[in-house]
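Which chain is which? They are A, B, C, D, E and F, in the order written, and residues in each are numbered from 1.
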Amino acid sequence: MKFTIVILGPPYTDQAAETAFRFAQAVLEKKHHIYRLFFYHDGVHNASSLLSLPQDEIQPSQRWRQLIDQYQLEAVVCIASALRRGVLNETEAKRFAKPGNNLMPGFELSGLGDLIDAAQHSDRLITFGPSS
Amino acid sequence: MNDALPPSNQTQHSSDQDKPNTPITPNTRRILLVCRTAPYGNALARESLETALAAGAIGAKVAMLFLDEGVWQLAQHQKPQGIGRKNHSAMLGALPLYDIDTVLVDRDSLSKRCIDLAELGDFTQLIDSLQVKEVIADHDVILSF
Amino acid sequence: MTLHTVNKSPYLSQCLADCLDRVSAGDSIVLIEDGVYGINCATSETLSALNKAIAQLMTLGVQFCALRPDIEARGLQTTSANCPFNLLSDGDFVDLVCEADKVLSWY
Amino acid sequence: MTLHTVNKSPYLSQCLADCLDRVSAGDSIVLIEDGVYGINCATSETLSALNKAIAQLMTLGVQFCALRPDIEARGLQTTSANCPFNLLSDGDFVDLVCEADKVLSWY
Amino acid sequence: MNDALPPSNQTQHSSDQDKPNTPITPNTRRILLVCRTAPYGNALARESLETALAAGAIGAKVAMLFLDEGVWQLAQHQKPQGIGRKNHSAMLGALPLYDIDTVLVDRDSLSKRCIDLAELGDFTQLIDSLQVKEVIADHDVILSF
Amino acid sequence: MKFTIVILGPPYTDQAAETAFRFAQAVLEKKHHIYRLFFYHDGVHNASSLLSLPQDEIQPSQRWRQLIDQYQLEAVVCIASALRRGVLNETEAKRFAKPGNNLMPGFELSGLGDLIDAAQHSDRLITFGPSS
């Protein structure tokens, strides 16, 4: 089956992204496919390359990146949500005249059309809403 | 990335009577947006509308269902200038312009909150609690906010 | 005197109920953000238990307020004659915090 | 068949109650994250209204589940004989999503 | 930035009987941390403990009050390995090491949640609902989580 | 009177930071003083220099910065919270070998001791918790 997983919660603060990650792992272990990961609302912080946790703790964005690389997943970060929350790629950083950018490689910024597309073309869509 | 949608009159949800018998092909999957959050306290209410407008913009049919705290979005006379936010009702009013013509509102959620039915816009359709269950059952994929 | 703030809707969250259980005579309560949906207590049957608690606390000199900008933003009606909530501007809110000994935020 | 997920504690939030009101015969419910505190419904007097609703829905073939990793994390006891919740691993959760037609997340 | 604190035995809250008669000078203000959030679902529970430990580390006296969903933090047998979080009870157990010896727990919140009183650590002190109000009234400044 | 204002909510997503800002303005208009602004939990995102909102909307971090500059306020961002959420100054970016930093000028990273200090030395402390 083709799954789309929608992640609305930020890493660390909230449990939703962690639950979504475990769910994604279990989907792949069961030999299903992931059509798209869609990061929306505060979920966009999962794609920040600046998260700096102690080494003995989970590194959320790096862990997503490894999963994305390993299974060649499509990981879309809602561009409107990301800009408003300070998650930018190089193009957007230039457009807004910001000195830096912080989108982790492996993730791409794109529009909400990709969420609608995913709803139309996945066998199952599951949303992990903020846990608090 | 988004295929153009075929005309989908037969897949548009209008009431509870008729489930389509046609097999579901990917791009006729009927999408329901369940809106359960109040405006202003959190961006989710706004983001649910942005999702609906994005669907409208690419010609995808979605239905919206306002439930629980989500019905506060429909209150009239919102004046958010004092809290530095954009007017949510103004954004809601744009739904018909984007061809989102199935906007369902749970009557029970309204009456629990003492919201006057006369306040609701023309583009909305009141449904009762049994119909809420049917609407959920009738759609192929659900996004909730 | 403790000033309590409550920022969640009582239709959704136990926050206001939990606060009311811990209020002392002479305290003040200010509804802010989605907490202002609590001004419906006087008229909404769903919130009747809270309304009873509020009436009880008023006899103990507890003052009930709500932030006007939040009420206006949400289009809430405050015309009900038996609405026990005083509406505050941001400045009034600051004054009330000064009058109180301390603030306890319920969220 | 719709699979419903609930991720808020019923002691804090209306989320589970709102979900139960909209469940149809044959649906499934999975408690996740803080939602797993809902497994207390069978024993907690505070949650007796929810317990009644759950018992009623079970007669309609509604299946009640909770995510085991969340229960274990929180140190919750599941030894009660009348606990109606089946415990799921992450893999079981995926299987149940496949069995369902769609997922509705209550949060 | 933090002045050294004088020995403050007289300002430590031990029970409800005696309010201090000494005038309150800035750095003897008695701080209460009200902990109302469950562990794991949100970082607030952890951050409330980090605040307490930070106070302990600089020799500031704080009292903690566990209320409502916050009492879930005290449950025994927490095994969070499966959800990728650090064990919250282990962190709670460090409180006495940081000289945080006033850890109050609302009995009503526990019994509503069917949490066994025998589960609680030695360093905690059960109080009833009247005492909760007194504890709130007795402190000078409150941080809530 | 000397106020400390504790902000736990992120900008845009949540109303708490907006309410805190209006409160801070009202405090200053009433000729009171602000001992410290303390950004904790998700409140640290208020200090991100990368927030990129449309021009006709409120620019949260720039607006805080203007208030901080105008009244010479002390604006402390909890360093532990900030690192975990991807808000870094130059020093921390180097320490964690991150390519960029995003702490808005006017804000400073510091420890929780500053929150305890503020509780001890302010006449009033008010916390704006997440609104959702």
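Just so it is clear, a residue touches a chain if its C-beta (ideal position, glycine included) is under 8 Å from a C-beta of that chain, and two chains touch if they have at least 3 such contacts.
As the structure is a computational prediction, the values presented were derived from the model and not from experiment.
Shared contact partners of subunit A and subunit B, listed by label, are D, F. Taken together, subunit C and subunit D share the touching chains B, E. Chains joined by the most contact pairs: A-F. Centroid to centroid, with C-alpha atoms defining each point, subunit D and subunit F lie 38 Å apart.
With centres defined as mean CA coordinates, subunit D is found 26 Å away from subunit A. Inter-chain centre distance (subunit A to subunit F, centres taken as mean C-alpha positions): 26 Å. With touch defined as above, residues shared between interfaces to two or more other chains in subunit D number as follows: 7, 11-12, 14, 33-34, 69-70, 102-103, 105-107. Residue positions 8, 12-13, 15, 19, 22, 41, 125, 127, 129-132 of subunit A each touch two or more of the other chains. Annotation for subunit B: residues touching 2 or more other chains are 40-41, 43-44, 68, 83, 85, 141-142, 144.
Every pair of chains that touch is listed here: A-B, A-D, A-E, A-F, B-C, B-D, B-F, C-D, C-E, C-F, D-E, E-F.
Residue ranges on subunit C touching subunit B, taken from their complex, read 7, 9, 11-12, 33-34, 37, 40, 43-46, 68-70, 72-76. For subunit C in complex with subunit D, the residues that touch the partner chain are 11-14. Put simply, subunit B touches subunit D in their complex at residues 34, 36, 67-68, 129, 132-133, 136-137, 139-142, 144. Across the interface of their complex, subunit B is touched by residues 6, 8, 40-41, 80-81, 110-117, 119-122, 125, 127, 129 of subunit A.
Per the touch definition, subunit F reaches subunit B in the complex via residues 12-15, 18-19, 21-22, 57-58, 131-132.
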